[in-house]
Every structure is written in structure tokens, then in C-alpha cells.
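Quick one: the structure is below, and I'll ask about it shortly.
Chain lettering (A, B, C and D) follows the sequence in which the chains are written, and residue indices restart at 1 in each chain.
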Amino acid sequence: MIELEDISYSYGKGPDLLSGVSLSLSPGGFYFLTGPSGAGKSTFLKLCYGELIAPKGTVSLFGRDVRDMTRDDIARLRRRIGVVHQDCQFVDHLSVTENIAMPITAAGQDPGAATRDIKELLAWIGLSAKADALPPHLSGGERQRVALARAVIMSPDVIIADEPTGNVDWEMSLRLMRLLTELNRMGKTIVLATHDLTLIRTMKQQVSARVLRIKDSRVALAGADL
Amino acid sequence: MIELEDISYSYGKGPDLLSGVSLSLSPGGFYFLTGPSGAGKSTFLKLCYGELIAPKGTVSLFGRDVRDMTRDDIARLRRRIGVVHQDCQFVDHLSVTENIAMPITAAGQDPGAATRDIKELLAWIGLSAKADALPPHLSGGERQRVALARAVIMSPDVIIADEPTGNVDWEMSLRLMRLLTELNRMGKTIVLATHDLTLIRTMKQQVSARVLRIKDSRVALAGADL
Amino acid sequence: MKVTRFGIFTVLIGDRRADRVVPPSRGMARLTEFSAAAMAFLAVFAIALSSATGRLADRWASELARTATIRISAPPGQVEEQTRRVLEVLATTPGVGSARALTAEEQRALLEPWFGPDLPIAALPVPQLVEVVETGAGFDSDGLQLRLRGEAPGAILDDHTRWRRPLVQAADRLRWLGFFVMGLISLTTGAIITLAAQAAMAANEKVIRTLRLVGARDVFIARAFVRRFTVRTFLGACIGTGLGVGVMSLLPPGDADQGFLTGFGFSGTDWLLPLLVPPLAAAVAFWSTRIAALRRLKGLT
Amino acid sequence: MKVTRFGIFTVLIGDRRADRVVPPSRGMARLTEFSAAAMAFLAVFAIALSSATGRLADRWASELARTATIRISAPPGQVEEQTRRVLEVLATTPGVGSARALTAEEQRALLEPWFGPDLPIAALPVPQLVEVVETGAGFDSDGLQLRLRGEAPGAILDDHTRWRRPLVQAADRLRWLGFFVMGLISLTTGAIITLAAQAAMAANEKVIRTLRLVGARDVFIARAFVRRFTVRTFLGACIGTGLGVGVMSLLPPGDADQGFLTGFGFSGTDWLLPLLVPPLAAAVAFWSTRIAALRRLKGLT
């Protein structure tokens, strides 16, 4: 599904943030990504959905090398990967509902057909009352929830979420996790960056999640030492 | 220091987010503010530094009613209150150092005199290497740390921080907390919104912090039930 | 890096869904519309200027220029003989298109303002006048004068072309000035729209990033921006052209006989020229926005 | 809501620290500079147009217009008597400024093109010409014609003013057109700069919010923006004016005798007029940005 082979990455002339990373994320897996702030979690995720392209090594998404893809190929690829960006990017002048429907619109499909799905999602994340609100009028946690809803609306094969629970309370975090585990049971691959070890420990009891840890520019599977 | 008397607040024609809130934050106090996502934590904090002005009730800052203040008065007031906004607002084309020095520049003083303070702060928050980086090139957690540094650089009487640890790892959270407790010992008033109950519990063992909880549009002191 | 082609047709038909993703920025919208309107308004005036000047230059070129007069003053008996010889000389002079002696009636008409209609022209020593029409190349007036002096001592060349030529040149120059101003206005419009489009793309980088993040293709994003700017420019240009034509039609109509200045404005089919302004402005906007949009998009992943 | 005054002086002196907080947006900067330059360039042409037309209108007004000719054709013995009576009539006609009979030499000079220099003018029935200069109000030419017919049957009024007046009017009209275009250009510049300033303020709302958050006063924020825009407009206008003057000076110099068209351009102290363009543009930018900035700031806390 997502294969990295001997990837090294650095911004500009800075030191290597990641170096010699080889990794294969298998379909249907549930992966946590952790590591200290500034270790390169977001960078790693951006490599996984083609926002960044590594100069050294190869990243293959769904079996294709990203460097061989045209811009349109990458656009089409993103429709199979739902992303929650750490900064929750929205189109600020469109309503919450329209933002959640944005992947459908961007794919050239009719968002009207998804109205019911969006309503159900909004109910689950506790934002039914905010369906017509504009993103800048949401609280920090509400924005993260909307971003997650947008990432899953097309039920993509892969869901990549960067700190999706940094601004929500514990109960809501668990609710969002339940949504993701549900999708994982349906066969979706989940990659989730978080610094919240309590959350990871709690989740490990519920799904067979693997934990990747970024340390010293390497990505390694964490064992029982978590 | 910060006194709220019978405050009610709602955005536009929405339901009252806060109603009948009377509260007095005393100088030198360390306050945690908690509550579920969307409860109104950020709104409450914005009332406390005059970004929002309540139509009903009075907010007195340093003994003056905010509604009697001119725009320039409010600007001067903000120099006595260091704020970490939940969205960590920066001037994106200025370096980290210049952003941290921004309150000094805005006050019309020479930021050159604070160079050493800024260096020490950067070292404490682990960002010495990022002194000349631009804010959009920082990771989420790095931005939050810079925002906190900017809030404390003028050593203001009050420090208001909205989820300053949402994107940093546990070790860094504790480091940031140590900075705030240090300032609190120097007599500064600290108000800190967070949804991280573990953090609150840990901190309560170190400082005599009071915990305010927003629930059903009321703000109440939480007791041992935390 | 190839982008599916989209033409001006797709742009005008539009796609409601794609459109909505571009923020309805009031500031930029007004800036674009206003610049387009102002430029269209000025363009209408520039067109009027060069069209009026064109007419003037044509008229002067055909009526005024290229004629000279030869005056033959001689004792009564010799006038006819000298006239014949002058005409002979002119027939062999390079640069002379045609030449003819004025009739008595024509001479009387010319002199009427001075002597009234009752002048006994036959009784007067009125010189015979010969009208010479130049070819395009013109003749060498000093050489002709010398040859005339030899053949017909009473003949004097009065070369109108000497003072008329600068007027025709000047009219031509003014026409070019009109074209120049029109070109300048087109360039300015193009540049302002381009810069506004670039500024809008820069201001909307967040929207563009978000759209790329959720899988929108470049063509989807660019089309929305291009359509917005093309339509706004077209509307602005229509308003400006309408105002310009309105103001022009309020100017008192020019009387063709009174020359250039009172004839400022459009005449006849010239009124159709301003209709070209809005489509041209829209085309400029289409291309400049399209290039700006696609260039900007290439910088993002 | 009061804001400490800051003048154009402070703006030009500048404050490095305040300046740095405004992002150096390339798009907006170029847009502002380019519009200012283009508008200044056009303004130079408009000034040249109205200045040239002004000169023309003045010359025509003084030289051509306001003169009429009275031609007195009478049997030799009666000419002097009738001339005297015509002058008497003119002396009492309202609207006539002055009148005088032409001397024999002047008449000979007028007729020379027709008859050559050797005309025995005394021997001919050449009519006596009287030159009449109108006052500003002008005279009633039909009434004068009637009165002349009674007093001097051989007198015929040739009223040049009838066909010259429209020319003067037209020149005046063209001068007003020049002023109008200049006004239009100023308004357009003001509007484009205002809109660009508003768009820039809107695009920089995040910077403004951040500055307010850390305790910056309105005057600090506004000054930075105002300075940026004023300086850019001034620079742009200087470039545009320089180019415009350069192009004008490349045009072949006009010969004053050849009338309006060849005389397009500046003459004498008119060359100083374009110097006013950059400061005026800067003033427009200063005020429009200042108003836009302070209005926008009021909306934020």
C-alpha cells in the first residue's frame, strides 16, 4: 500500500530529518506514529501522501512510484487517501458541510448524494448544530473533528491523520478513535500521528495497532517499552 | 486583577455560551481552565484580555472596565498580558526571534536589548536551532513553544495560554509548565486552558493551582472530583 | 505536468461547484472590475481620437495637399501663349499628376470675396491661374520654378504643399498617437488584471493548498479562478465601454465641414468599434489569469 | 477610537521597525507600482494634450476670432465718403471693439498672391476693406448689415466670426476634454490604489490580528501600511512620469506656426507640470490607504 525504500529527507540545506528509512505499511493495518515534537512525524506523513517528494529513495503509493506521477495523477491518488493535516486546512468561506463534501466536489462528483453520510458523521462528532457554520467560527477542537470527517467522507483506502486529537477532550478523542477503528475493521489502512501516549496505550488494547516511533531520524517499530 | 461580573456571552444570535459568570482571578494565582471541546474555554479567555467584549455584565482588567477603554488603552493593556492564542498567530515573514520580540517592538521599545532573554528562552524550549526560521517552517509543537515564548518575553503581569501543550510531547509539556510555575513564583498570574486532565493532575501536585471548569455555560471551581 | 485544455467556452459556461471554491473577495473583485471599467472607458476615448484623426488625415491628404498653383501675369496678348507653354512644361515634369488652367468663372469665384460679384474680370489684368496636382512622390519645386522662368517669364509657382504637408504629417502623427494610447491601455489592462490575478492567487494560497490536499486537479482550481476574473473583467469592461459611449454621444455632434476638432467622436460604423473592447478585455483577462494560475499551481504539490 | 495623528512627513521618514511587520507581498507591490506608473504615464499625455489645446485655443481666440471685414465697393468718388460713414456706424454699434480702414499697402499685400507685386492698385476698382474687431460679447451681425445698407449701400459685411467661432469652441472643448481625462486618471489612480490597499489589508488580516494581540496600537499598524503604499505609489508615479516625459521629448518639436497638431507636447514652463504628478499620486495613495487602514482596524479588537 505505502512503501518507503531507503528514504532520506531534509528541508533545504538542513540536517537529514529522516535518513535511510525503509518501511512498508500493509493494507488494513492500524499504525500509530509517535516521537518528540519536531522529530519529523508530519514530514513522514507528508511523504506518505505525496505532499513532499524525497530526493533520495523511493516512495510507492498503491504500487506506483510517486516520482513517476504527473500532478493530475497525484490529485487522483489523494482521492484514495484521506488526510487530516496538522493545521486542519479548510476553505474558510464555505460551510462545514461544504468543506466535508469538498473531496467529492474536487473529484467532480455530486456532493448532494452524500448529504446523509455527512449528517451522520456530524452527529457522531457532535457537530450537528454546526453544519452551516464557517470554519473560522469553530473552536480548535471542532475544527479537528471537521477535518477528520472530511478525511473519511469518501471512505478512502488509507486515512492519514496528523495529531487529530490535540485539541479535543478525552471523551471526544475516544469517540474519534472508535470511528477510525470502525473504518479499520472495514479494511481501511489507518496512519495516525500523535504524541499522546495514553491514547496509544488505550487503543492498543482495542485494536492490533502497531506503533512506529521516530527517533534520531530513524523510524522503528516500538515494542513493549511504550 | 481580572474580574468578571455577571457576564453573558453568545456569538451572534446563537445560544448563550456563557451566562451569569461572576469570577475574580486574584494576582499571583495559577488557574487551569478546562471543559469539553466547544464549551467556551477560548471564548472565556478572549473576554479576559479584551479580544471579545461582553454586551452584558462587566469585565474589569487591572481595575478598569474594558468597555470604558479606547482602542489604544486596550493595546497598552495587552502589553501587560501575555497571550498564547490557540491558533498561535505569527507574523509569517519574520523570523522566530523577531516574532518573539514582537511585543517589545509593538510597545515602541528596542528589541535589541532583549536579545539575551530571547536566546535563553529559545534554549529552554529547545529551539535554539530555529532562531532564524520562519513560523510556517516550524512543526506544530514548535509553533506552540514559540507562541509561549512570545507571551512571556515582556514578563507581563498576567499570562493567558490557550492549549499551549496540545501539540507537544509529555516531556516538553512539563518543561513548559516549569517555565510557567517559575513565573508564577515571581508573582505573575497564570491562566491556562487545557483539556489534558493528566497535565492538570500532575501540576496540582507542584503548585497550588485552582481548576476552573466550564460546564453548561457556567464556570465553576472544580474540587477533588477532578 | 500536462494540464487538460480548457477554453474560453468552458469558462463562460462555468461550473457552479468549482466556482464556489474561490472566495468572493470583495476587495479584489472590485479592483478588477473597476480597473477594467476605467480602462475600457479610456479605450473608447482613444478609439474616438484615432478614428477622428484618421478621418481628418484622409480628408486633408486628398483635399488639401498635393496641389500647387502657378500664377501667370503677362501683357494681355501673351497670357494664352505662356499658359500653353507652362502646361507643356508641367506635362514633362516628373511628379506632376495633372495640371489645368482655371476657367474665367473659376477665377471670378475665387476673387469674389475681394471684389464682389460684379467684377469685370475680362477688363482687368487678372493673372491666369494653373492648378497643379502632385503625384504621391511630389515634384521638385525649385527645379520647376527654374524651368518655368525659362519658358514663361510671367509664371510664378505658388507651392501650397510646402505649408500643407506638415499638417497632413501632423494628422498622421496624431493618428499614431491614438493607436499608441490604445496599445498602452491594452497593455496596462493586461498588466493590472495579471497582477490582480497573481495577487488573488497569492492571497488564496490556503484555499489552493486545501483543494490540492483533497484531490482537486489543477484544471479544476485554475478554471474557477480564471472564470471569476474573466467574467469580472468582461462586466467591468462592459460598464466602462457603456459609460464611454454614453459620454461620447452626449458631446455635440461634429459638423464634418468644420474640421477635426468639432468632429471629435464617432461617425457611422465607427460606433461599432467600442463593441470590441469588452471581448478583448475578457480575452486579455482569460489568458493572463490562466498563465498566472497554472504557474502558481506548479509551485505547490 | 481616536488615533494619534501622523502626517505625510512621518510617513516619508519612516520607522524601520514598524515597516518590517508588513509582509513584502510581491504581487501587491508590483500591482501598486505598475498602476501608479501607468497612470502617471497617461497623466503626462493628458497634461500635454490639455496644455497644447490650451495654447491653441488662446491663439485662435486672440488671432482668428473676433475680427470681421467690411468690403466697400463703390464708384471711385464715393468710396471715401462711404468708408467714413461705415466707420461712424461701427463706432456706435454695440459689440464692436475697434474698426479701421486698411491702407493701400495692406490691401496690396492681401492681393499680392493673386496679382503679383506689380498691381497698380490705384488704377483698379479694388474695394476698400475695413477690419472690425469684436468685443467679447460680439455684435449682432444681421442688425449691423441692415444699418450698413442704409448708410453705405456699397458696404458688405463679411463676418469671419461665423465660421471661426466653432473652431474656438472646439479648441475649448478639447481643452476641457484634456482636463476631464486628467480628472478621470486621478480618480482611477485613487480608486485603484484604494482598492489595492484594501485588498492588501484584507490579505494581511492575520498580521494585523497578531499585531493587535501583542499590543500594537492602531497608529503603529496603519503607519506601516500607509508608508508602504505611499512610497510604492510615489516610486511608480516617478517611473511613469519619467517615461512619459521621455516619450514626449522624443516627439519632434512642434513649430508654433504650424498650429495645434505639430505643436503637441510641452513648451517652456509646461515641462514643470509633470513634476506635480508623483507628489499628487503619493498624496492620493497616502489618504486612500490611511482611510482604508483605519477603517479596517476598527473592525478588529
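Heads up, the rule we're going with is that contacts are C-beta pairs under 8 Å (C-beta built on N, C-alpha and C of every residue); 3 or more make two chains touch, one makes a residue touch a chain.
What you see is a predicted model; the values in this text were computed from it and never measured.
Chain A and chain C have CA centres that are 62 Å apart.
Measuring from the averaged C-alpha position of chain A to that of chain B gives a distance of 29 Å.
Centres computed as Cα averages put chain B at a distance of 62 Å from chain D. Rounded to whole angstrom units, the spacing between the C-alpha centres of chain A and chain D is 67.
Shared interface positions of chain B, defined as residues touching 2 or more other chains, are absent. Contacts between chains close into a ring here, every chain touching precisely two others. In summary, the structure contains touching chain pairs A-B, A-C, B-D, C-D. Within the complex formed with chain C, the residues of chain D that make contact are 25-28, 30-31, 34-35, 38, 41-42, 45, 71, 73, 110-111, 113-116, 118-119, 124-127, 156, 158, 163, 166-167, 169-171, 173-174, 177, 181, 184-185, 188, 191-192, 195-196, 198-199, 201-203, 251, 255, 258-262, 264. Partner chain B is touched in their complex by these residues of chain D: 1-4, 17-18, 20-21, 23-24, 206-207, 209-220, 297-298, 301. Across the interface of their complex, chain A is touched by residues 11, 35-38, 41-42, 86-87, 126, 137, 139-142, 145, 162-163, 166-172, 195, 197-198 of chain B.
Residues 50-53, 70-72, 74-79, 83, 85, 89-94, 98, 102-103, 105-108, 111, 150 of chain A are the ones touching chain C in the complex.
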